[in-house]
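Next, two complexes with chain A in common: one pairs it with chain B, the other with chain C.
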Partner chain A sequence: MNNRIMNHPVLGKLEKEAAFTFTFDGKEYQSYEGDTIASALLAGGVRTLRVHENSASPRGIYCNIGHCMECRVTVNDTPSVRACLTEVKPDMVVESGKPKAAPFTDRENMPHTYTEFEQKSKRKAGNNHV
Partner chain B sequence: MDKVVVCRCEEVTMEDIKHTAEKYQCSAREVKLRTRAGMGYCGGRTCRPLVNAALEEATGEKPGNDLPLKVQPPVRPVTLSELGGDK
Partner chain C sequence: MSDVVIIGAGPAGLAAAISCRQWNLDVTVIDEFPKPGGRLLGQLHQEPDGQWWNGIEETKKLLDHATSLYTDIQCGVSCYNIEKTENGFTVHTNKGTFHTKNLLIATGAAESAAPIPGWTLPGVMSIGAAQVMTNVHRVRVGNKGIVAGVNVLSAAIARELQLAGVELHSMALPAKNAVTKEHGDPQSVMDGLIRIAHLAPSAFLRFGSKFAKSTWGRNMAVKFYPKRGVKMWGMPIHVRKAIVSINGTEKVESVTICDVKPNGEPIPKSEKTVDVDFVCIAGGLYPLAELAAVIGCPFQYVEELGGHVPIHNEQMKTPVDGLFVAGNITGIESSKVAMAQGELAGLSIVQQMIRDSTSMDEQMRAARNKVNTVRENASIQFHPNIAEGREKIVSAFSKQQA
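Up next, the complex of A and B:
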């Protein structure tokens, strides 16, 4: 998939630029020199760069100027890198943001003590995982 | 309109803010502490004016100087390693 403008009336043909590959969540994508992670993935048809930690709803490019932190991804094991500001380098390994364990989503009924937490969570005795 | 997400970092909708503002008749700061709107990854740099505006609509309270949603340095969120925490 390629959403790029290959032949621009002012900027010329894109084939002249150097192309290389990088991976996003294990899949290979093509990038041109000067691409940001966000622009290369958008051209590759990827609009979801991460999901919300609690609700797992999708997130992608929002402000695209490094302001909102919505496009943060993990680059070469460095977490929270803004995809919209970071230039792609050859063989970069990019991972999307995954949902995290969220035992309580109802903010009104959050447990306030550990006893309440044990009562409210469906946690079995002896199992330390939430 | 009520389903519109105001604070994307903490996923707080207009409905949540209106509901909290009407239930507790509170300041912008209290709404922030109750709903976590503006306490997410971007540090409220995206939604702060929206939270203030939503509050004004719900309670009629103008965002004042006594307990505002204040702005603190740094300008952008930075990691501790960027500040030298890796050494």
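Up next, the complex of A and C:
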């Protein structure tokens, strides 16, 4: 899959430097020098960069200039990296955002203060948020 | 400690850096995007005289000039906090801390959201996102899309997508709701369309001239707006159709579009499904000013300038000692205005540093006149009453000083 705009009536022919590869969720993709993670993945046909931590609904780029935080991915084990602002480097290991165990799903029982949060979360076993 | 740190390597920031370097100030420019140029990079439109405004070329000119003056430009640097110190500022970033006597914030603008149901699906993006993908990264955002939001910016970018060979079904309004407000209101949208009619070739130009620039004319234009839309560059623009939802499970598959009354209310049973694989949402721009707020700079809400703006005077100086602003953070205008403002702000900083203001009076006056001339000659006006907005902010500064 290649979604590159090779020829442009005003901007001219696409002159890209040598391509290299990186991985996204274990699969290999191609990147050009100067690509961001978001642009290289979209060129490779990938729209979904993460899922909502709680509902697991899919998300992709929205603003593409670093403001909306929708495109956060894990890069070489660093979480919450904005795909739209991060240049791809050879052999980079990128992983999509995954759902997380929700500490409180019951609306009625939501903690309202930090103290309440600490008390309630202590009672919940296997909670990876605290 | 540097003389000045400039946050934002867009047209305003780079122009300011050039001014400062010409007077040999110690300057560092930071920007969180991997390349300098800011949103100027993505711009591509034809001026009324037929010349192309190519943002990549314009950026290169600015960058070559700045580089020839040995300007320190650091990309991939995100600023998340600024502290005002006794003799300047401490700028905290992901790449360490910068200490500076003066600070210029030239962070530009961000896009307002115009949310419609289904807008979190992959394949929905802001119109500016599509611009950057298309012109900067040269990646197709999809095979066939639709634009939700009809305004100066979305019309310009729709044309850019078309130039790159990306198919657009049409442009229509986002369904009117508590957030989309005037973007979903045919009358307000028509007001904006008439202001950009001069930019479009043949068909739309003829359309624009058909209606007098009167309220009556605009009412008529909305009331009798053609069902098939009005074509600009061969693409239908609708002000009497709204996108009510974006549909799909894992990504965008279609949109539901309906006819609306002149007041934006949906007409029952007029819904139709249009197959698309991407949607661009265009809710307009607002000044990106959080960093000025963090320092405690006073603000004023000025509608004509696009939102909350840090108070500043005609020399781009804020009431906070050593803090300057330039470009779209001061109000939504074209990149040419941003460049002229940057040049002026840079000179203001120089004047503050050398403290021999009289020797610079002439140059400052020229730079200020340039901002005004560029503004008056702008082919794209984001807001019709920009001059009034500018006056409001300058008078707010005088009150602040009094």
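Here, the second predicted complex is superposed on the first by the 93 of 130 C-alpha atoms of A that agree within 3 Å, B and C clash if a C-alpha of one lies under 4 Å from a C-alpha of the other, contacts with A are read in each partner's own complex, and residues count from 1 in each chain.
Assume a contact is a pair of C-beta atoms (placed from the backbone, for glycine too) under 8 Å apart; a residue touches a chain by one contact, two chains touch by 3 or more.
As the structure is a computational prediction, the values presented were derived from the model and not from experiment.
Put chain B and chain C next to each other and count what each touches on chain A; the higher total goes to C. Once the two complexes are overlaid on the shared chain, A:Arg72 sits against chain B while remaining clear of chain C. Residue contacts after overlaying the shared chain place A:Asn54 against chain B, while chain C stays out of touching range. In the superposed model, A:Leu42 lies in contact with chain C only, and not with chain B. Touch criterion met: A:Ser80 reaches chain B, while chain C stays clear of it. In the superposed pair of complexes, A:Asn64 makes contact with chain C only, with no contact to chain B. In the superposed model, A:Gly34 makes contact with chain C only, not with chain B. Legend: residue contacts after superposition of the two complexes on their common chain; A:Pro9 is shown touching chain C, with no touch to chain B. In the superposition on the C-alpha atoms of chain A, the part of chain A touched by chain B in one complex and by chain C in the other spans residues 52, 57, 59, 62-63, 66-68, 70.
Of all residues in chain A, only 3-6, 8-11, 14, 16, 34-36, 39, 42-43, 47-49, 52, 57-68, 70, 84-87 touch chain C in the complex they form.
Those residues of chain A that touch chain B in the complex are listed here as 52, 54-55, 57, 59, 62-63, 66-70, 72, 80, 107. Listed in rising order, the residues of chain B touching chain A in the complex are 8-9, 11, 34-36, 41-42, 45-46, 76-77, 79. Partner chain A is touched in their complex by these residues of chain C: 32-35, 39, 44, 52, 54, 56, 76, 78, 110-111, 120-126, 128-130, 132-135, 137-141, 163-166, 250-251, 288.
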